[in-house]
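Next come two complexes, and both contain subunit A; in the first it sits with subunit B, in the second with subunit C.
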Partner chain A sequence: MNLIFFYLRKLFSIIKNEVLVLPSRVVAGIFFLALLLLPLFTEDPYLLRILTLTSIFAILAASWDLLSGFTGQMNFGHALFFGVGAYGAAMLNKYAGIPPWGTIPLGGLAAVMAGLIIGIPCLRLRGTYLALTTLAFPIILMGLVFAFPDFTGGELGISGIARLARSRVASYYIAVIVMLCLCTIMWKITDSNTGIIFHAIREDELAVRASGINTTRYKLLAFSLSGFFAGISGGLFAHFMRIAGPSTLEVSMSFQVVIWAIFGGIATIYGPIGAVFVLFPLMEILRFWQDYRILMFACIVLLILLYMPDGLFRWLRDKAEKECPRCKIRNVAMRHTCRICTAALD
Partner chain B sequence: MTQSFLEIKGLSKSFGGLRAVNDVTFSMERNQVLGLIGPNGAGKTTLLRLMTGILKPDGGSVRFMGKEIVGRKTWDIVNMGIACTFQNMRPFRRLPIIANVMVSCLSPRAMKRGEWVKRLGAKAMDALEFSGISDMALEKASTLSQGDLKRLEVARAVATEPDLLLLDEPFGGLSPAETDLMAKSIRRLHKGGRFGRLHSEGPAMIIVEHKLQWLMKIVDRIIVLNFGNLIADGTPDEIVKNPFVIEAYLGKGGT
Partner chain C sequence: MALLVDIVMSGLISGSVFALLAIGFSLIFGVARIVNIAHTAFYMVAAYCIYFATHKLGLHPLWSMVAAIILVTLLGIISYKLFINPIREHHGAVLIATIALAMAFQEVMGLIFTGSYLSVPKLIKGYHVILGVKVFYQQLLTFGAALLILGGLWLLLMRTKLGLAVRSTAQDREVANLMGINEARVAMMTMGLSVGLAAFTGAVVVPLTVLEPHMWMHPLIMMMAVVVLGGLGSLKGSFLGAYILGFAEAMVVFLAPMGAFLKGSVALSIMILVLLIRPEGLFGVSFEEER
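Right, the complex of A and B next:
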């Protein structure tokens, strides 16, 4: 009994001293809880469907950020991983009869293979050249899909695959929990020693080599990790929509990911996730003005990027918090002294 | 036959029609500090880049502790124990200074050597301490001045705990007082020992430098390059009297 109280007190003190002191952490906590508790209050199928899709795309946007934002390997063909994951999961389900909990990770592994296949020839390229080369890969794969319609369903795609779960609420929970777990893992990766190397590769690859790091290995690692997460999101998408079609490989899909990530702030992980949760429902809200929907969307994105070039969420975070000039710990913007080292802020 | 520590034989490299390094041959011992001087464009930096595998030589061989290193990847060479600094500093500008050094500490060689150091940050901090910028460890690298960037380069190279350290103009952009300090720490590094949690084997060094007055105090031996050719090799006292060297620097009749 005492032990339980000890851990409860410890949890309470962590929440009080680490979470409640920073607005960004409070917001993240509320976000987690709200997503998990939402079905208790409403079971509106439309809302649940939108949020499920939003969660799935949040994984995709965060995985792009891991590869392009952190490691600096500009990938304009991220739909490749998404499409390979979706098609892989759909084919395994339809032709091999594997249930969704098996096909989705296997679809992710198929996307890892795709990541290695495009990663190895692209190792020497950087910047614009890499972006243009990667742009071509999903288009090539789409050509292959159309070339073998018996196997891939051609333009119609593979339909009639198993549901993610029996009920809507269960599908919602699967998507949301997978999203929260994978995004936490991605955030942890970027926060680890590997993350430092990823950052450094983006800054100056030659200097990383001269520090004795095998950059080839780390770049391929970034490609495969990003491919794995994007492939899982593709698999979830296929099983949720019950169809894997060529729309998952479209160029517009690749660019949507880039727009989400840049809108939220690249090299942050939380930025792209937040951006998807703002922009994807926004597209639905703008439906009331059907004809000008895309135009409105473009205007909003442009305005945000014009005034907050580092991304919306990084901007918000910098407004709400400031960094202690001495110990670099973040503090609420209202404080006058640092909460750790008591140095004067600004 | 005893193998020497570093043996360079017939190393050549051309850029188009320009022979930047032409058939350079020399060897050095484990306990030496070698100065590499020459007029601008003599091929000093190219020679160092050939040794670290950043550039591929057209011909010749570089043997380090009995192993051929021409054709190996840069990271392999660094992990064998040759660390280098860049003449034009290449820090990771948007990363904190400590993270710049942690990248070096994460290399397989540094990880293997520092097994007894539990925390990576502590080891990186000691490398910064050694080069004298530990007080700025948490600042972004873009806030550093030219001189401090030089020190960061040195800290990054030292953090891999090399056997051979290639310093490309370590005093460039430093004030005379800072140069004195840097010269002292290079001397101290060569003696070897421990700097906090960082262990120094007392690496052999090749130093490219233009500030000869300080260079002379540090090095045991100097080699002189001109137009890619090795024109002189000897102790500092011999070099200043060598007629070829005077001619290369001052032109004919310069004495």
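Right, the complex of A and C next:
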């Protein structure tokens, strides 16, 4: 009994001293709770559908950030991973009859293979060369999809695959919980030793190599990790929409991911996720002005970038929090002294 | 034999178009390190301007082409000043700013002219039959005009003071600045030049294609492939790469079954194969690592 009270007290003090002191942590906590508790208050199918899709795309945007934001390997063809995941899951389900809980991870593995296949030639390229080359891969795959319509369904895609879950609420929970878990994992990866090496590769690859780190291996690791997460989101998408079509491989899909990630702020993980949760529902709201929808979307992105070129969520976080100059711990912007070392904040 | 003439004509036309686009794209990339995704969107806007001037205002196609090139160049400079220049130091932001610009242009054109397919009358009519294939004079004109403007561009870059400024800024921005070159102005003028080239491409190609708001997507991809294949920042490479990919595309379309679907795939696979052997492209100088 005492032990339970001890842990409860410990939890309470962690929440009080570590979570509630920083607005970003509070917001993250509220975000988790709100997503998990939402179906208790409303079962509006439209809202649930939007949030399910938003969660699926949040995984995709975060996985782009892991590869391109952290490791600096600018990938303009992220739709490849998404498409391979979606098509892989759909084919396994349709032709082999494997249920969704099996096809989605297998689709993710197929995307890892794709990541390795494109990663190996791309390792020798950097910067803009890499970005422009990766753009080509989904288009090549799309050409193949159109050229073999018997197997891939051609323009119509593979339809009639199994539902993600029986009810909408269950689908919602699957997507949201998978999203929260995978994004936490990605955030943990970027926080770990590996993540620090990823960071360093983006900043100065030569210096990393000079420190005796095999950068090739780490870049391939980044490609396959990012491919895995993107493939899972592709599989979820295929099973949720019950169709895997060529739209998953389109150039606009690749561009969309880049827009989400950079809009939210790269190399943060939370930035792209937040950006998807802002921009994707925004697109739905703009449906009221159907004709002007994409135009307004483009204008909003342009205007926000003019004032926050580092990304929306980085800007917000910098406004709300300050870093202590002495101990590098973050504080609420309202404080005048650091909460740990009491140094003056400027 | 007839097939051969078809392939040669189609390869020459698309090769010239890709060369014009790719050189404009690599100019602004070389000088200002801007990856301008909206480059081919300007080409689309120019094509629509010509349609508007010839069909709605009743101008002669030649005058409408001149007007379209001037208007689109101005549009390019204005959008550079408004949206790209303020955030130039943030490469990622510039990137999606240009994507957003391209989307905005596509939507505006779609709203004004609807999404339906449109066409523009040919500048000169008539054709000549070679080996049983109709070769339109317009096709020859497009090809000739493209070569002419490429020659003019080469002279501008190699023989004038502006060209010297552009080349030296592309080589080393800071040193060029120290030598008294107004780097910001050179960047703006290069943007104008590059957009002007895109508009010119739109003008020469518009009588041969159909207009629709998504017409910028395919050239964009091919243009990027050309730039990578030839080597970033190398005009000779872009020129040669454009014809290689143009002919590859034409051959796939005319020779392979399902060619129309596979043309992009084959051209892009060629690019990747070349990159496997030469990572810096055909004529690219491997950049010193920019740190």
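Throughout what follows, the second predicted complex is superposed on the first by the 346 of 346 C-alpha atoms of A that agree within 3 Å, B and C clash if a C-alpha of one lies under 4 Å from a C-alpha of the other, contacts with A are read in each partner's own complex, and residues count from 1 in each chain.
We adopt the following convention: a contact is a pair of C-beta atoms (placed from the backbone, for glycine too) under 8 Å apart; a residue touches a chain by one contact, two chains touch by 3 or more.
Owing to the predicted nature of the structure, the values given are computational and were not obtained by experimental measurement.
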Which chain makes contact with more of the residues of subunit A, subunit B or else subunit C?
C
Which partner chains sit in contact with A:11 here, subunit B, subunit C, both or neither? Use first/second/both/neither.
neither
On the A-aligned overlay, A:206 touches which partner chain: subunit B = first, subunit C = second, or both, or neither?
both
On the A-aligned overlay, A:327 touches which partner chain: subunit B = first, subunit C = second, or both, or neither?
first
Please indicate which partner A:36 is in contact with in the superposed arrangement: first for subunit B, second for subunit C, both, or neither.
neither
Once the shared chain is lined up, is A:139 touching subunit B (first), subunit C (second), both, or neither of them?
second
Going by the contact definition given at the top, which residues of subunit A touch subunit B in one complex and subunit C in the other?
204, 206
List the residues on subunit A that touch subunit B in their complex, please.
193, 196-197, 199-200, 203-204, 206-215, 327-328
Please name which positions on subunit B make contact with subunit A in the complex.
52, 54, 73-75, 78-79, 83-84, 86, 90-96, 99-100, 102-104, 106-110, 120, 138, 156, 159-160
Contact residues on subunit A for subunit C in the complex?
121, 124-125, 127-129, 131-133, 135-137, 139-144, 146-147, 204-206, 251, 255, 258-259, 262-263, 266, 291-292, 294-295, 297-299, 301-302, 305-306, 309-310
Going by the contact rule at the top, pick out the subunit C residues touching subunit A in the complex.
29, 35, 37, 83, 86-87, 89-90, 92-93, 95-97, 99-101, 103-104, 106-108, 111, 217, 220-221, 224-225, 227-228, 232, 258, 261-266, 268-269, 271-272, 275-276, 279-281, 289-291
